[in-house]
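Think of it as A, B, C and D in the order they're written, each chain with its own count starting at 1.
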C-alpha cells in the first residue's frame, strides 16, 4: 500500500535531520534569534534580490495565512480569494475567526484576475454597509495544481496597486510552481510582484516551517509582537532556521519540488496516453484524472488517494499527489498498472 | 561563555533525533492521525491512570495556553492568574487577544490558594457589569521555581469545584516540579486534581511540543476544530508524537528534569554556603540568588543569565536556569567560582 | 419630494412620544430593570404564549444579529444564510467580525429550505478542516419582501432539530410578514417554531428597538453579561421598554405594519394593472417593480427610491418601501402618476 | 423614597422631547445622514474651536469606549487606565473582548499622571513578550468625582505625545467636570489636549447618546464602517442628532450639569458641617461621605443610594449622585435630615 494522498506523509529530507544532529548541542538564543535563523534569512534575502525583505519563520500554512492576513487588515477590511483557495476551503474558518470576511470568487482554474476582482469590488460599494476589500489572496501553485504565468502576476499586481489592494501569495507549494515545466517566474519575480508571500517548507522537505516574506518592511512593523501573541513564536526557533538554511543551500528546495512535479507528470502522461481526461490542467505535483469507478476501486487496493469529485454516475476525479519523497520505482509500478488497464 | 539564560538553548535529547531518523520515510497520516501520536497518547493515558483522557499535541506554551483557555471560556468569562503567571507576564496579551480578561492576584510565591481566589470572587459580583471568573490558571513549577504540594492542590481543586471554576495547570516545567526534592505529587495526581493541564516538552528535551490533557473528555468536545482553526494542527503531527513517545519511554522525561533540578540545586547550595540569600525558595531548575553588583559583573564575563530584579543600590537578584542538557562539569566550574568569591 | 427609500425616514408613532412625556420624570432603575421593560416583557410573553421566554430589548438589527449569533456559537461554528440575508449583504461583516463564517446559499426568493441547507451540510463534512454549521438564519419578511408560510417554517424547524441546528429568525420586518395577505403564521407560531427570533421595532413605529426572544431560556444563559460587554445595554432601558409596551398595546404593532403593507400593495397593483412585472413576489411593504429607464427617471424627480438592479439595457428594478407613516394621499398621487404612464 | 443611586433614573430634558415631537414626521436620511445630526456636528465643532473635528454619535459609554479603543489599537497594543476607570471596573471586560489588555494603575484620586504612566511603560519593555501600551484612557470627571486641572491635562498630553501614546478621555460626565467650581478647562481645551474624547449625553439630560470627537481626523478614517460593523449605527440617527442639537443650544448641557453639581455640593456641605469626612475630594455630582452604619440605615429608609466601601466595623462610604433632574426641594429635605443627625 502506497499513499498518494498528500505531500506530507514522510518526515524531512535527510540533510535537514543531519544538520539537526550536528548543531544539536550548540547553545543558541531562543525565539528566532539563533544564528541559523539569521543565516537562513540572509540567504533567502539574497535569493529574493531584496536585501530589505522582512522574513519570519512560522510553523504551518494555516498559521501563516491567519497571522499575516489578520495583521494586515483593520477590523472592517476583507480578503478576496478563489472559492478553491485554501483559506476558504480548508482552514476551518481561520480567517473569519480573526474577524474578517473571505470574499470568494468562483473560478475554473483556481486563479484570480483583474476581471474577477473587479466584479467583487463592484459588489462592495455600499459604504459603510459592506466590508472593504483590502487583500487579494492567491496560491501558487493553486490548490488544484495550476500556476501563475509572469504576465498574469504582473497584471494582477499592477491592478492591486491601482486599487489600494495588497497582494498576498500563499506559497505552500511555491517550489512546485517555480519548477513546473510551463513556469516563467523566479523567486525574485515573486518578491517584486507581491506585497507579502510565504515559501512553504512543510510540503517540500521540511518537518514543518513556512518562511513569510514581507517585501515591503513597513508592512511587517511590530510583526514580532503579533507572532508571539498568536502563539507562533517557537522557543527553539533554530528548528525552523536550520531547515530553511538546508533547503536553500545548493537549491535543494527546487530540486525536491522538481522531483515531485516530475513524478506527478509522469503519472499524468500515462493517464493521458490512455485518453483519460483531467479535472484541471495541472503542471505541478497534484493531478486530478477522471476515471471510471471500477478503475478507482482497483487502484484503491494498492494506493491511497482522495476521490475528489463525482463527475457522473460512472466516473469520478481522483487526486494524486507526489512529493520530494515519492520513490521513482513506485511511480513506475503505478504507471504499469495504468498502461495495463 | 556558557548560557544559564533559559532551558531551551539546545536542541533535543539524542533519543528523539535518533527516532526521527529511524521513522523518517515511513508514510503516516497527517494532522495527528499518525501511529506515533496514537501510541504516545496511549502511553500517556496509562501513566495518567486515566484511560479516557483526551490528549492533543501542540507546539508551544503560549499556543497551548491561549487555545485551551479560549476554547473553555464563553465571551464574558475570565481567567484568574498569579501576577507572575506566564499568561499575564510573558505572553503578549495572548489571552486578552482571544477576548478574555486575565484577573491577577499578587502573590509572594507565585501560587494561588482558595483565599486569594476568594478575594477575586468577592471583587467580581456586580453582575452584569463585571466579567465572570471561570478558570483558575496555575503553573507547576511556577515561573519563580516554586511547586505545589499535594495538599495544596487538593484544597485548590476542591475549592474550584465548589465554586464552578475550572482548574487549568500550565506544565511548561511540570517535569521539574514532579522531580523536585520536596514534591509529593504524581502525574496521576495532577490528572485527578485538575480539569485540564499540559505536559511541557519544549523546556525538557523536545525540539518543540506540549501535550494538552483534558482529564474530562467533554471539555475537549470539538477541540480538533479549534486546533485547526487556530493554526495549531501540524500537517506532520508525527514530529510531536514521536517526541512524546520517546520522552515517556523509560521515564526519560523525568530523568531529564531531575538532572536539570539537580544542577540548579547544586549551584544554589554553593550560594547558600556563601550565605547569599534568594528571591524565592525554588527547589527546581531555576534559582534566583541575590548578589552584589560586582559579583554579577564578574560572573557575566563567563556566563549568560538574566538580571531579574534590582533589590537595592548594591544588590540584584539574577536568574540561573539549568536544563536536561546542562553539563555537570560546567556546573562544577561555576561552583568553584562561587566558592572562590 | 417624497421618499420611498426606506421604512425608517420618520420618527416614532405618536403614542410612543406621548408615553415618553408622561413617564419622563418617574425615577426608574437603569439597565433594563425599569418597570416599563418588565411590563413590556410580560405583555410579549403573553402574546407569544410562552411564559418562560427570555426577552431582551436591543437597539438595532445589526446589533441584535451579531450579539445573538455570537453568543450562541462556539468559535469554530458558523451560520447559514441566504445570499440576500441582511447579515451577509448589509451588515459590514458584523458576524465575521465576531469570528464566524456566514455560509451563503443562492436563492430565488430569499428563503432557506431543508434542501438548500442539506447542500450546505454536504459541503462541510471534512472535519476538522471546515467550520461546523450550527445556526440557520432566516428573515421574515425577507430582504426582498417574501414571507414564510406556516408549512415551510414547520418543515424547516423540524429539519433543524433533526440536524442539531439552531433556527434564528431576523424579524426586522416581522410585523409586515405577519400581516401580509398571504400569511398564515401567528406570533405564537414563530415562538414555537424557532429557537430565537427578534421582533423589529425600528422599522415599524419605534425610534429604535428590537425585542430579542429566546424561546428556550437556557439559550439565554448569561445573556445579560453579553449585552453589557458588547455595549448594548442602555443605561435608560426605559426608552426601549416604553416603546414595546406601546407597540403591543391594542395591537398597534400589527395595525402599523398592515398599513405599510397595504400602501405598498396598492402601488404594486397599479404597476400590475399597467402590466409591469416585478423582481420578486412580495406581499409586504417593499416591492420591486421592473421599469423602463425613462419611467424611472421621471419618477425620480418627485420620489426618492433605490434603483435595485439593472435588468437589461432599457429596464431596471427599483425598490419602493412604505411604512407605518406613509400617508395614503401621497400613495394615491403616486398611483395616479403610474396610471398616467 | 427618592433615588440618589445614579444620574440616569429619569428620561430626558423636556426640550429634547419637545423637539422630537416637532420633527417627528419630517422625513430624513437614515444612519446619521439626517439634517439634525449634521447641524449638531456643526454646532459642536464651533464650540470645540476645531472645524475639522470628526464627530460621531453613539448610544452609550461602554459602546463608545469599546469601539473607539478597538478602532485605534492594533492587536498587540494595550490601553492604560486607572484601576477605578470605567473600562476596567464596570464594563464587563468590553475592551478585553475586543482583544486588548487594560493595564491598570492604582491611584488615590482616580487620575493618571506622567509618573504613573512611566511606571507602566517601564514594566512593559520585554518586547515581544509583552503588549505595547498605546492608549492612555482617562475620565473627566473621574468615576470618583474628581476632575483634571488644565495644567495636569497639558502635562499629560505632552507626555503622551512624547511617548507615542494616544490620549483618550471618557466624558460620560464631562459636563459635570467642566462646570465644577474648581475647573479651569474649556471644551476647546479638551479638544486641543486629547486625541479623542466623548461628550456624554446619557448622564446629562439625554435619553441616550454620546458624541465621540476625533480631534485629528486621520484617527477617524473608516470609522463609519467600524460603527456599522459593531452594531452602533442607528437607522434613525436623528434621535441622537436632535438631542445633541438641543443640549448644545443655549448651553443647556452646561446648565444641566451645573445644577447637578450644585445639588451634590450642597449635600456635601451639609455633611462637612457635621464633620463627616469623604472617601474622595469630589467637586462634581457624585460624593462619597463616610457615615456610621446607623446613619446609613436611617437614610436608606427614605433614600436609595449605593454603599460604596466598608471603611471599618462601624463606618462605610456611601455614594450620592445627583443629576440635571434632581429637585432642589428634595435636596433641601435631605439636608434637613443631615442637619438633624
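Some points to look at:
Following the convention adopted for this analysis, a contact is a pair of C-beta atoms (placed from the backbone, for glycine too) under 8 Å apart; a residue touches a chain by one contact, two chains touch by 3 or more.
On a predicted model such as this, the values are computed, not experimentally measured, just so you know.
By count of C-beta pairs in contact, C-D exceeds the other of the chain pairs A-D and C-D. Summarising the inter-chain layout, the chain whose CA centre lies farthest from the centre of chain A is D.
For the pair chain C and chain D, the distance between mean C-alpha positions equals 34 Å.
With each centre defined as the average position of its C-alpha atoms, the distance from chain A to chain C rounds to 43 Å. Note on chain placement: the centre of chain A and the centre of chain D lie 51 Å apart, centres being C-alpha means.
Residue numbers of chain B whose C-beta contacts span two or more other chains: 75-76, 91-93, 97, 128-129, 131, 225, 228-229, 233.
By the touch rule above, chain C contacts chain D in their complex via residues 2-3, 6, 8-12, 14, 17, 20-21, 23-30, 59-67, 91-94, 97, 202-203, 207-208, 225, 228-236, 238-239, 325.
Those residues of chain C lying in contact with chain B across their complex are 31, 70-71, 74-76, 127-129, 131-132, 222, 224-229, 233.
Partner chain B is touched in their complex by these residues of chain D: 75-76, 78, 89-93, 96-102, 126, 128-131.
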